[in-house]
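Quick one: the structure is below, and I'll ask about it shortly.
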Amino acid sequence: MTELREGCPDFDNRIHSLGPSRIPSPLKSFESTRRFHRFVTDRDRVLHRSSETFIKECLATGKELVSFEEAGPREYIYFDPKKAKAAVVTCGGLCPGTNDVLRAIVLTLYHVYGVHNILGIKYGLQGFIPAYGYDLEELTPDRVANIHELGGTMLGTSRGPQDVVAMVDAIDRLNISTLFTIGGDGTLRAAAKIGDEISARGLKTAVVGIPKSIDNDIDLVARSFGFDTAVEVAASAIRSAHTEAIGAPNGIGLVKVMGRQSGFIAATAALAQKECNCVLIPEVDFDLDGPQGLLAVLRERLQRRGHAVILVAEGAGQKFFDPGSLGRDPSGNPRLGDIGTFLQHRVQEYFAELGVEISLKYIEPSYLIRSVPANANDRVFCGFLGQHAVHAAMAGKTGMLVSLWNNRYVHIPIPLAAARRKQVDPNGRLWLSVLESTGQPALLNE
Amino acid sequence: MTELREGCPDFDNRIHSLGPSRIPSPLKSFESTRRFHRFVTDRDRVLHRSSETFIKECLATGKELVSFEEAGPREYIYFDPKKAKAAVVTCGGLCPGTNDVLRAIVLTLYHVYGVHNILGIKYGLQGFIPAYGYDLEELTPDRVANIHELGGTMLGTSRGPQDVVAMVDAIDRLNISTLFTIGGDGTLRAAAKIGDEISARGLKTAVVGIPKSIDNDIDLVARSFGFDTAVEVAASAIRSAHTEAIGAPNGIGLVKVMGRQSGFIAATAALAQKECNCVLIPEVDFDLDGPQGLLAVLRERLQRRGHAVILVAEGAGQKFFDPGSLGRDPSGNPRLGDIGTFLQHRVQEYFAELGVEISLKYIEPSYLIRSVPANANDRVFCGFLGQHAVHAAMAGKTGMLVSLWNNRYVHIPIPLAAARRKQVDPNGRLWLSVLESTGQPALLNE
Amino acid sequence: MTELREGCPDFDNRIHSLGPSRIPSPLKSFESTRRFHRFVTDRDRVLHRSSETFIKECLATGKELVSFEEAGPREYIYFDPKKAKAAVVTCGGLCPGTNDVLRAIVLTLYHVYGVHNILGIKYGLQGFIPAYGYDLEELTPDRVANIHELGGTMLGTSRGPQDVVAMVDAIDRLNISTLFTIGGDGTLRAAAKIGDEISARGLKTAVVGIPKSIDNDIDLVARSFGFDTAVEVAASAIRSAHTEAIGAPNGIGLVKVMGRQSGFIAATAALAQKECNCVLIPEVDFDLDGPQGLLAVLRERLQRRGHAVILVAEGAGQKFFDPGSLGRDPSGNPRLGDIGTFLQHRVQEYFAELGVEISLKYIEPSYLIRSVPANANDRVFCGFLGQHAVHAAMAGKTGMLVSLWNNRYVHIPIPLAAARRKQVDPNGRLWLSVLESTGQPALLNE
Amino acid sequence: MTELREGCPDFDNRIHSLGPSRIPSPLKSFESTRRFHRFVTDRDRVLHRSSETFIKECLATGKELVSFEEAGPREYIYFDPKKAKAAVVTCGGLCPGTNDVLRAIVLTLYHVYGVHNILGIKYGLQGFIPAYGYDLEELTPDRVANIHELGGTMLGTSRGPQDVVAMVDAIDRLNISTLFTIGGDGTLRAAAKIGDEISARGLKTAVVGIPKSIDNDIDLVARSFGFDTAVEVAASAIRSAHTEAIGAPNGIGLVKVMGRQSGFIAATAALAQKECNCVLIPEVDFDLDGPQGLLAVLRERLQRRGHAVILVAEGAGQKFFDPGSLGRDPSGNPRLGDIGTFLQHRVQEYFAELGVEISLKYIEPSYLIRSVPANANDRVFCGFLGQHAVHAAMAGKTGMLVSLWNNRYVHIPIPLAAARRKQVDPNGRLWLSVLESTGQPALLNE
């Protein structure tokens, strides 16, 4: 039994394939022009954990090492580029870099593999359903030439599932060889179901996911594209909150950022702009009232320094809301209580009752964060994700996603990544650094 | 009777002075080093209106021409720099460039005039009142060296009036020769009262205002500092709203920007980022319901194009609120109804009733706009404002503000500027360009 | 005789027209939808100088007042939008905002006037000459939708004149009604010649220029588009130079910016980023050697403060070069000696001879400055320039350019603007503020 | 024998320590406030390579696994914070993030460990030498509060070695417990020598390096701080070059970026801004002339597409220069031939001889790249580097540097990192992606 299987009973680490790869990769011809291209084989694998201590322990106790298939171009591929037809779909909320991934997929298919038949599915999974009436978009190098300069997604997106049978009908009708889905965990689950239906029908379509989560909360995905850009914009919102806070007597800057179940954006942005005094994330409980609660801590901070900045992830403090009253969003996720305005009002009430005049500024930059073009770092990353997705799909691999792990690109089976959510470890270096940087106490009454 | 006096019965265009200027300006010595310094005299005046047609009409009808005293260094000054003591105070909401004006005042006083005794008053007018217990801040070139790289105000600020007698007591006690007030119309009115009280007591303190209004709504002030920076950030919020809108089926981006009574930010930002379909400002009435109302226009737009962007100034559409229920803010201004969330809910209700699924994203970037450092253009402008304020104050001029008018810096008596508010002319070029750019109809039912 | 005519013997202030305007403007129909559109008449004129003192002197001495025809939509136009065909050409070096002007022209023609036949001429004036073999580009709202997000010009550009007869042959062959030329003084002169040839042939083509000069050196044009953006980027280069200078013992940052004959970028950027110790511009002579020369001043500065920043416009200090040896560039302008590397070497030599170790960093950001997209302020400005150019051309006005003067848009006859060059006035407020900000002495030996 | 030892005969992977750590870390007290702080032990080690294939091969062949000591807070420390005195020095060229590392060191020492006695050494290693006469700078949280908003280094820097005996005399005289050196490989070598001399004298000073190399070329350091920021600015220079190139007939944009011996900036920036057609780096030879040379490839590109962008690292193509003629720089590194202007002239000559008119724009943004403040990603990274450097030094570890490896922070002995230089692997994924992105051929004649 491995360390991963513990939390994941149906653990299966193998990547499925549509069949044997027998067509020589067009990249082989590069070798003759004196560029040596290191093809990757399915035996190349990257360890799940790089701790020597852990490895030795496994070896000593007979525990199996977990590793992932390495991504990269294969010497032989499954699809004939001349006949192959690709489709790309972007789903869920906007995320910086989506256009870059899309562009990399199109350019790699077109220029590296010679696949010239590439379709863009409009408005997410809705685009497969004829009833919505969206046209398909033909994707060419010219069409995608400048899209990386723009935020959002040139294909449009939507939330929520669609009927799997209807989607596979469309895939069949369009005769798609390789389907690239850019989306979050809902999309990954949909991609898995599409893959199963394709398999059940005996179709030959490879489904490859590029995990998209601005919250950076997908398991076995060390880093989601767009996250670094999101942190950059979130950090500038913290700078604004700090400027507001120090600009007024008893100034309080309150910033709400994304993070439904995982506080990576909040924690990382707090380290990028070290002016937060309290960071609140879904993974770490906190009290509002009582001698150790947030309000008392805030009061003490104002007395001592005259200003404060609070950063809260949208999923933090959900215990203050009645979950039954909130319903679900179009993606089927439970709606969250609005912790930002809740804190805004509670803080204002608290100090009003104390007769202390404060100046609270509430900043909610989420749409400004997610709609910008990707920064350079994310653009490089998106390029690799797109390339590796194409390499995998052309080799006939399916039901998998492309991930960066231990600085290497790997293939992860979709069910494995979708089995649980990645969260900030309250005892890990990231969160401890946040605590060191903010100096915030436990915010919990005994 | 002049064109200005029509709307302003107490029209008085003269600049008051503490007394005759007899001390040669230190700038005189520059001439000997072969730099000729063009001193400005009080007879140099800039016309209120530069239309030849208007001038000729005035001449023909005997109407008096309105003009303003030109700003600039005077050959003789009133205060002895060796003995002079200056104070600076920043009031009201944050505004990009406040630190730049402050820095220019300090550097001009220190390096150009040799005034080395400069005090910073903390947290706006509260800083004059001993009960608040704020320390004074000594301002030196070193202290202000890098403040232009930061947003906000290094002195802090606050809203609302303070007791005039107590403030002048402080000014007297501190023996301040020149007081520079950086603030909006409330501050200008306070400065005028301070000036009157100073005058009544026979003190020799020059009070010079640098008009600050991110809304750009001060009369006889062609441009407020920080406005250009604000437009730049507001424009990027429109870009985000547009990216969101085109990214979803029936996507609507709704952006609320500053503009309590004047829609200059909204109108100008809409021209900077030409992706708005409706711009709503306080100066122009609009209906929500009915065949010509906003909701019907929005519905038609979605049917035709599938997405829309609405930009609303915070003071627009106040007819939809009951003024009695809203109260006043700490500056004493009537609180506005929140037109942003009002529109958000009404638009959502409207389409829900129609059974049309929309995706509305509401963006409220105000604190992000006002807290950034000034852009280059505003920095240049702030430098001139600070310099001219010092030139005026050292010459003993008082009860005035520094303004840019017809591309020249001028002195405006505070009461004149405070008499009415500058607004967007619904028949002027600015608004007509917005209408051309958006293509929006009148939004009013017959 | 007027103030302008003094320097311009052939002074002629009238705007030429192809003939009477008899077609009702499509903007007239807006009035019926309750928007009142203030049409501008040819009698609306803007004064050249807004100084009351000057006006009164003119009136007293009988001197004629100079004024310019105001820009704006005319109630009746010359061309029938249904039949009209427009062409746009962009010439000379890259300049931020060129795409915005181009976009505004296309959108105003298309949406406001209903002109749907719009051609883009590729690569400047070369695009008229068949021998170059460039295709024409059809310009539609879709084609120009996103070009404002990109720097440069979507049409490409080139330098230098082309044969006027051949160009007018092309204009005739293509049956162009309105030709918009976006370019600098060379282009304006070419436009004037094209206009003359058109007139000589009795063709009915309106030629309207939008003045483009990143140096901001076109006479009677208060502000060139792109200039504000250029200053912003130049200011950030000064910030870098300052960071380098303070980072090393005896650190010297040397920045060369654009400014062939006029130092507006250098002077304005120095005010935007007040960390320059010496600013050198073409309009102001300076010595290098001798007790008052730049090198001695620099030495003294290093001894006193340990670091220095020098900002030089490319056209400064040309007396140090032999003009005969430099030749001319493709536009026919005399090539300039490279004052940047010249200063770099002379400063290094000077301190090497003194045995003083320095650390000089030379920064030449010109191409980085001119290739960026326009900032918000320039985008607003470019929108107005494009709109007014279309209003003028549709009214049949020709041989003119659109200019901002005293905060109003006006029509200037091309020959008048091309007659002399706008330069920084060494006795004016701009340069004096630079001297105050830098504290630099005269840099001239007696 | 290990994989690392192959290239490094004196391979020694142990971290030296001044003595046993017996003082309980002040971080221990955090535990009682219910935050659990995971202390790291010296037995925690991170594998050099995370490839499962490689690990298994090692195990099969009996090859020793290489691993590095993990960084992090130790439960017991060596220095008594009350008595400890720290010093920080910044050396070599400017690099984004230097101030952030410095700030993190100061804040961690002060707030986490309670070390209040912190000295800044001015202008690099020169600051230790009394003859230079620089003052020491006292570093407090207030002093470093805003330095992360500024580029460069607040301490100043210099190049080149200083006398080791004199430096250790100063360290001894100042009674420094922990010395933090922020610098590149020259500085690391100096730090090693300082450590040896300290050891020889029996002093108790821990010397910890934070590797600084904007070229990202330090061995066993996966990522240098500032590199990501540098890539971001370099990418925007490529965008400018592309804009220039497409803006002119036969437009060529040529950009030179940093990279003396390693082309990481060029390779990564080319992936961030995929508009380069040829990327030239020190690690990959290229010919200029001949049928496969750069010039012929460029000619073919212009014929086919009409524009091109070339990106060259400063250390590329050194075979075209006579090394004897160039000398050494103040750091003692051999001076490089200026490949940028060399290519500029050779390209111009080549096309002039062919009679082909081109428009070449040469951009050299190095000083603009290295002087900007760090971006958010680098700021987070710099924070961790500074924290871990303090954790290590307080634990008495010496002669080591802090590095990120396989996503974990580790301690690397300085001699090991300094033994060889990290370079772009011409057969690795990075370079192959560049080749795929640019489509550039081998650029080498048979």
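Lettered A, B, C and D in written order, each chain numbered from 1.
Note that a residue touches a chain if its C-beta (ideal position, glycine included) is under 8 Å from a C-beta of that chain, and two chains touch if they have at least 3 such contacts.
Computed from a predicted model, the values in this text were never measured in an experiment.
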Quick one: point me to the chain whose Cα centre is farthest from that of chain C.
A
Give the chain pair, either A-D or A-C, that is connected by more C-beta contacts.
A-D
Per the C-alpha means, the centres of chain A and chain C lie apart by a whole-Å value of 46
With chain centres taken as the means of their Cα atoms, state the distance from chain C to chain D in Å.
42
When the C-alpha atoms of chain A and chain D are each averaged to a single point, how far apart are the two points in Å?
29
If I count partner chains per residue in chain C, which residues reach a count of at least 2?
150
Flag every residue of chain C that touches chain A in the complex, lowest number first.
146, 149-150
Residues of chain C defined as touching chain D within the complex
94, 123, 126, 132, 150-153, 156-158, 236-237, 239-241, 243-244, 246-249, 359, 361-365, 367-368, 371-372
For the chain C and chain B complex, residues of the former touching the latter
30, 33-38, 43-47, 50-53, 55, 59, 65, 67, 70, 72, 107-108, 111-112, 148, 222, 228, 231-232, 235, 268-269, 271-274, 375-377, 379-380, 383-384, 387, 406-409, 427-429, 432-433, 435-437, 439, 441-442, 444
